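Chain lettering (A, B and C) follows the sequence in which the chains are written, and residue indices restart at 1 in each chain.
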Amino acid sequence: MAEIFTPEIVNLLVRGGLLIFVLLTTFAYLTYTERRVLSFFQWRLGPNRVGPLGLLQPLADGVKTALKQEMVPRKADKVLYFLAPTLTLSASFTTFALIPVGERVQMSSVPVAILFFLGLSSMAAYGLILAGWSSQSKYPFLGSLRTCAQVISYELALGLCLLVPILITGSLNINDFGNMYRAENWNWIYLIVLLPTTVLFLISSLAETGRTPFDLPECEAEIVAGYHTEYSSMKYAMFPMGEYIAMVAMSAMVVHMLLGGYHLDLGFVDLTYWAGDWKLGPPESWGWGAYGDALSLTAHGFATTMTFIVKLCALIFTFMWIRATFPRLRYDQLMRFGWKWLLPATLVLIFVTAALVGYFGPVHGTGADTAAQAAMEVTLNARH
Amino acid sequence: MDGQLLAWWMLAIVGSLSAVMMVLSRNPVHSVLYLVANFLTLVGIYFLLSAPMMAVVQFVVYAGAIMILFLFVVMFFMSPEARRWLRPEIKSQWVFGTLLTVMLLTVVYIALSTAGRVADPDIVMGTPTIATSDRTADPRQELGHPAGLGTRMFSYHALPFEIAGLLLLAALLGAVLVARDERSEGRTHLVHEFEKAEEGVAEEVRA
Amino acid sequence: MLGIEKAGPLLSGLSITFREFLGAFGGRTTVTISYPEQKRQVADRFRGLHRLERYEAGPYKGLEKCIGCALCAAACPAEVITVVAGENTPEERYSPGERYAVVYDMDMLRCIFCGLCTEACPTEAIVMKHDYELADDSRREPNKFMYHKEDLLDREYYW
């Protein structure tokens, strides 16, 4: 048996743990932010009790949720009942492993990341569906059927939307989406298709993550709380957790598709470039070895990550803004919109894109060739 | 034992077990999930075979989209009536099952014993496959890579591809035709009524 | 055309909500308040917790209005009120008439705030005020929801 804890493995484990920690914190503060932002929209005060400005609210919520009594329906399909929230959450976490959050700051650079992204979002849907089914009760079951139909309908549009930047860049690597704006042969004409595509992507991602105008799976006026009616305590908390993280992942995709990814490139000057290549992290003298390597980052990587986070926040705000504005759709409206409008619209966009790419030629992002080089293996994309 | 081999063994064991469990499971929903698990192990095996495109297609299309549809249908038909219908075991299942297994194993045996001796059609076409080359100059042209696969599928095999597409379309239309019945006609009628009423309200609001 | 025109109202909806969002940073008053510190003024006609009144002026100034007739207890549909009357003596005079309420208990867990006691009262001794914070933490002995005469008589109100 070879040595298990090779530097690569250590690197992966440390960064994976870090990613999960960051995502959980993000989730906790997203719940707070969402409540606060919605309160601003609605002339309310919002949670402002725990800690200054209510900033410790997520902590209190977490303690409360963890200490809640856990109830399992007697007739539930126990294995699936326990599996379902785990599935949702782990799928959402894994999605984030694929998404580059900065220049060379990424868990793993899978060459076919976009497709994996889609697959994982349907894996998360399995969790929701099974949650409803395994509860063996009426309303959760209806909720899970709704999730099923909704996810199937909108995942098509979601995937087809992603096809547009794929066609333009000729790459399945998410890095290339953000990079295409900086490419030598970038043509602003592609914005004609990218702009509507991003809007449609945003709409279908709302449906895919079950957020407000499309939150019929948990429509409280009709089916109690939908698929998670029978869940309590931490197992319940895992659903919103997965949902929020999926929302962040979708926002990240939009950032890569339309907002130029993690670059702060104004055309004449690339602002993050000035950060330089010096290393941030535990110094060598501490002797942390591979752990230190995993935790450190170049200044440039840090700057791009910050850029990305700022852009991401704008997108997440958009999600909250939409939630504050639109009422929930009726189910037949949802289906009609998905199949009769969204899907044809994305198909038209793909045709237009294909025509444009045929005429102007694809945009090769700076990372396209390296992606091809890495095609055969799941590479470790550390800062090395 | 290196990592790849270990991964292969794990995938193979889990895959076989889930396949067997899929057949043996009494609960149709469990069967569907065992099938999903099986597909996921296949994804891993495709990755080990350096075919990321195949792996991801398996993941997105089969384990993701199609199995969700399966789950949807199975969950819909899990009514007590349907269960009664499923209950009686067909005795001849065992006979046919054994027969088919023997046939399949024979085919696999023949395929394995003649492997390497059959001419690869792609070699004839002039583009090497994974089997014959470890890494060509341009990885984008390899069969495992999406670009290579796309080129192959839409240039060399365009006709079979389109025919398969047409076949699927025909199946789809057939399914739609079968699924239509009097009751659903009535429902669409209702939906139209509903839309009309909705428009009426909208006009009133406008007025 | 093709339903795209329906996006117009959606966008204007978004712009409206966004304007409201920005308003939050312009020192706008919120519709919610920080409750225990700030309290909303209730309407004059609001009828909350009861109070036993005293004469505030005139010849009987300082004496209780309640004469222990127990008409409130009779009127009460929820049997909240218990009155035990006693005789006034020249040495110990509580109310202008012959009798006064020795015991005046209200079980506020039963009260439905119908106000019939105040209507029944001949001397307008029992009235309902604006106090509404009636939550407490014990219904065992001592039952904190059992309001005695001394609780109701010179009760301090926050209005």
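Keep this in mind: a residue touches a chain if its C-beta (ideal position, glycine included) is under 8 Å from a C-beta of that chain, and two chains touch if they have at least 3 such contacts.
Everything numeric here is computed off the predicted structure, so don't read it as measured data.
Trainee: Starting at chain B, how many touching-chain steps does it take at least to reach chain C?
Mentor: Step count on the best path from chain B to chain C: 2.
Trainee: Need the most distant chain from chain C, centre defined as the mean of C-alpha atoms.
Mentor: When every chain centre is compared against chain C, the largest gap points to B.
Trainee: How many angstrom lie between the CA centroids of chain B and chain C, rounded to a whole number?
Mentor: 68
Trainee: Please work out the Cα centroid separation of chain A and chain B, and write it as a whole number of Å.
Mentor: 26
Trainee: With chain centres taken as the means of their Cα atoms, state the distance from chain A to chain C in Å.
Mentor: 52
Trainee: Which residues of chain A are in contact with two or more other chains?
Mentor: none
Trainee: If a residue has to touch 2 or more other chains to count, which residues of chain C qualify?
Mentor: none
Trainee: How about chain A: which of its residues touch chain C in the complex?
Mentor: Where chain A meets chain C, its residues are 37, 39-45, 48, 321-322, 324-326, 341.
Trainee: Where on chain B does chain A make contact in their complex?
Mentor: 1-3, 27, 29, 33, 36, 47, 50, 52-53, 55-57, 59-60, 63-65, 68-69, 71-72, 75-76, 135, 138-140, 142, 144-147, 191, 194
Trainee: Okay, in this complex, where on chain A does chain B touch?
Mentor: Touch residues, chain A against chain B: 1-2, 77, 80, 110-112, 115-116, 118-119, 122-123, 125-126, 129-130, 133, 141, 144-145, 148-149, 151-152, 155, 159, 170, 172, 332, 372-373, 375-376, 378.
Trainee: Under the stated contact criterion, what part of chain C meets chain A in this complex?
Mentor: 3, 10, 13-14, 16-18, 20-21, 23-25, 28, 30-34
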